[in-house]
């Protein structure tokens, strides 16, 4: 492989982000399975890191993203603190949502991450609205909403994409297609030619990309974001990837054809592929090992810190419900 | 105009149905505006009769249709009694829904008409389910669901069409595109290339037709129904027409460009166009006048009978709520 | 002080709010032509397309997009046209809007008003007539308002738009044309009930259009030498518990009346609260009026069977003396 | 009589119903692999793809299509996965399914069961933990069931599938593994409460998993010489008013306890009904327990603050003697 005009800095940055995501989720899975410290469900994005890294590398801190139940990677890549995120997964004080949201509702408004969502597809219209506000306010930020392949079968997909074209909003919809919806092969429940065809029919320019090629994702997202920043119309990106784990950290995913996951792990892992690219580009094995080592050290420390954090103060259960009326009515 | 292989019987039948629909709705509007006998809103389909006539001419009595708030035409064309329908519009005993539904919930299960619907787009998934049952039961009926151009912007459009392809159901979706959604020009709120493009993206074979050419609608619907009866996949028909009246019988529709409605009335009325075809095919003016006269006489009589009917028995307010529990709890 | 209709009072509240705060905007189907009940007439001319925005027929997107826009610095007024259609956006309202602030640990607000015209309105039948206020009161995170007069529709809508909580704003469709004095300077504190009539003998608690019927009933009761106090809750969440409890402590008798279905209606909450907290003050049986647990039919006589009327309130009040 | 889990009791009810009636079928996401809680395990092998049907992630279509199929001669069992997601299909349930029979003048029925696993379940947070049974009780046309034991989950689900009304069937997610005796011959009449314990001193009314806590509480109360009667309503619509009123007439004391938010919860309906109809039998204050009007958090300690516990029921029962 020869690589012309290769941007080494970006290449290393992409790898770093992916390694950090992988390490974060490996620690999160350990915290769940080994330590029983994560009590709610977690949905790892192991094997899908290329999409998060590639897309987010083109966003500024004040650009906005929204994500799904499988959103650790997007959130980290957008710049959230791994410690605050890990605390959130453990339901602790100092978690980015004060321990109230957990993995499925992770959010960090400081870095423009307006929330994962436990309801499939729900963020699509909300993201369109965020872009709508940007346009109303005459702002120059852009919005990226990421959702899964299963989300394209719910109504909000149509309503939100239609909304974005009708109001001509600065938004990129990314379908992170890991080929499964929980235990179901998504294609078996999806009519027609899939995500991009639907988006095109709704008036969006749609692009397809190999989601496990972080460089390709970064390239195509760069072009799209540039168009959006130049006042372009809403766009759609279909990034094909693969979920190497079960649906949740506890799901053995026995419903997959034998060997399928193993093949992807061996031949189509976005981190391994990026490492190969970097090696070809002349980066030393040692440099790559260091990146991984640092990522792992960061996340081991994040878990240690999170586990040492107290649970939130009991009284916070009545905080941030709403301004009017007391939530603590004499219910019990 | 020369007409080869023209099917005179069908041509006359199409005209007859359209004249009956027109006459029914003219009487209904009089009952509403002149007589104040229709208390709820009615949504006339005047100018759109070609779609109802053309599509329904291909259905058997036990085939199933579902419709919208603008459903008088479809219901009549499917074979419902004009008297029972008029009684329903007046909220009388003997109305097809016992006076409980009114215009927006007109239904006649005897002729396979499973209901108009007051919620835009809602019947799309319900119709898919009716077709689903047919398939489960191993029946050979088909289902037709008709909805407006505004309905394609709601989620159930995507969910219901996707459902029909995933389960490969015997259903035809008809978008009766009268170009308006209430006071809004639908195209201004619709992204992309419109109904057929969306249906195609969802995996349905889609056909476009001039909805004011009843012959053309009948032809294309005949082909589609034949394919469905032969076990074919779900299909979509986009029939373009024009709403000659306001949204409701009380709406002056002043928001339309000047002259637009008049032009359609003069040049694009489906009844006038069908009459021209029949004249060209050698039918006498008198024969056409007779058809109209009979239709008008039928509907004047229907209104007379309806107006003479009593209101439903008060006790029916507690009938047909549900089997379990009393609806007449000591509420008042 | 001017005389205005209930509809125009709301329109004026919106106009003033939009004038003073450029982040306020309205979105819903057909708004550009004034909205289905004319509640937005003239506003597009004044504020333009972007701030009086049409919408595709897509309630989920209207609700969801408005929420997204509320999180990003604007204050949307969402028009749902008929309260019934808001059911097409229930996930957005209940799982998203009501929960976001808490779920995200206080990082976000959803300062938005969701207008949902509700209630019985001449032969509109089962899908265009519902009153589901009790649903929303049951959902933590939401404010629930039910104005009954032009003044309240003006003052409450202004306060709702200024409020940082998501507000479910339930206007009654049957009183758009109701006229009354409106004082633009009159401010109200959301959550305070309005005592529409003071009285010593029996407390009648109500809201929305039924509160107007309760005032009528109180006049009739006065002729029968029963001095009724009429409390128009106006705000169901928060609700003015002390106004109700104080009044019952004073009168010793309670009637609660609402248009919505009695079973599981918000009237139950009021009666239950009274039973829990001031049972010993009661001098007679409490009475609760609401619709039977049946559906709203199209035929006018059947529709009427679902109504709570002023006469029924009179009778119920008399029954508290039995 | 066999010992079965709550989940398997339901599975068996479905299996038997499908065996005896070929028009019964189940539809929902991931059903082919047994469903998200394993409640459909093995059924696809026995009944095939068409009758244990997967579905796209599209709750509105699942609900709407099942309704269409119910009108055309089949009896669908709809799986909503988490009760929370059913909010994505609210129009379908409330505006369509509940109303069709009436609106169409009796021409149609919607014989379908909508399974909505509800309630608190280990750190599932605000969008996967709700209990909204009071909403559905408020909607004419719907039957609302909340089984609390394996036997009831078997008998009630069988009866629900056989019932011609649309049934909202709310299983509690936290007791899938709860074991108990199940007698396949035991039939129940929907609408009849189950008196889980008879007692003379105080009536405790509850349902769903909270009824199990109420039984625990009654045991503790017995140690304190308070003889509690525990009424597990099981069916919220219709609800067994006479069982509750008779019991209160006997004991003169009432506690109502449920997991859902207290404000606007169905407990209010029960307390209100008692206050209206048997107030004079009451010998002490009534107590109503439900969640505060806050949201369900992820952190376990905050989640616990939203719980109604057996201890709280004990205390409330003691307070009725004050």
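We just call them A, B, C and D in the order they show up, numbering each chain from 1.
Basically, a contact is a pair of C-beta atoms (placed from the backbone, for glycine too) under 8 Å apart; a residue touches a chain by one contact, two chains touch by 3 or more.
This is a predicted model, so every value here is computed, not measured.
Undergrad: Using the touch definition from the top, what's the fewest steps needed to get from chain B to chain C?
TA: When the steps are counted carefully, the minimum from chain B to chain C is 1.
Undergrad: Could you tell me which chain lies farthest from chain B when each chain's centre is the average position of its Cα atoms?
TA: Most distant chain from chain B: A.
Undergrad: With chain centres defined as C-alpha means, what is the inter-centre distance between chain A and chain D in Å?
TA: Computed from C-alpha means, the inter-chain centre distance equals 36 Å.
Undergrad: Counting in whole Å, what is the centre-to-centre distance of chain B and chain D, each centre being its mean C-alpha position?
TA: A distance of 40 Å separates the two centres.
Undergrad: Rounded to a whole Å, what is the gap between the Cα centroids of chain A and chain B?
TA: For chain A versus chain B, the centre distance works out to 45 Å.
Undergrad: Of all the residues in chain C, which ones touch at least 2 other chains?
TA: Answer for chain C, listing residues that touch two or more other chains: 55-56, 58, 60, 84-85, 88, 91, 95, 102-103, 125-127, 140-141, 237, 261, 263, 293-295, 297.
Undergrad: Indicate the residues of chain A shared as contacts by at least two other chains.
TA: 95, 97, 99-101, 105, 117-119, 153-156, 158-159, 162, 166, 188-190, 321, 325-327
Undergrad: Is the chain-to-chain touch network here best called a line, a ring, a star, complete, or other?
TA: Its topology is that of a complete graph.
Undergrad: Using the touch rule from the top, collect the residues of chain A that touch chain D in their complex.
TA: 39-41, 88, 91-92, 95, 97, 99-102, 104-105, 117-121, 150-151, 153-155, 181-184, 188-190, 255, 311-312, 314, 316-318, 321, 325-329, 331-332
Undergrad: Residues of chain D touching chain B in their complex?
TA: Listed in rising order, the residues are 23, 25, 50-51, 53, 55-56, 58, 60-61, 63-74, 91-92, 95-96, 100-108, 140-143, 163-166, 190-191, 237-238.
Undergrad: Inside the complex, what are the residues of chain D that reach chain C?
TA: Interface residues on the chain D side: 84-85, 87-88, 90-91, 94-95, 98-99, 102-103, 125-127, 132, 134-135, 137-141, 237, 260-261, 263-269, 271-276, 279, 282, 285-288, 293-295, 297.
Undergrad: Of all residues in chain A, which touch chain C in the complex?
TA: Listed in rising order, the residues of chain A that touch chain C are 64, 66, 95-101, 105, 107-109, 114-115, 117-119, 122, 124-137, 155-156, 158-160, 162-163, 166-167, 319-327.
Undergrad: If you look only at chain C, which of its residues touch chain B in the complex?
TA: Going by the criterion above, the answer is residues 29-30, 32-33, 36, 54-60, 84-85, 88, 122-128, 261-263, 289-295, 297-302, 305-306, 308, 312.
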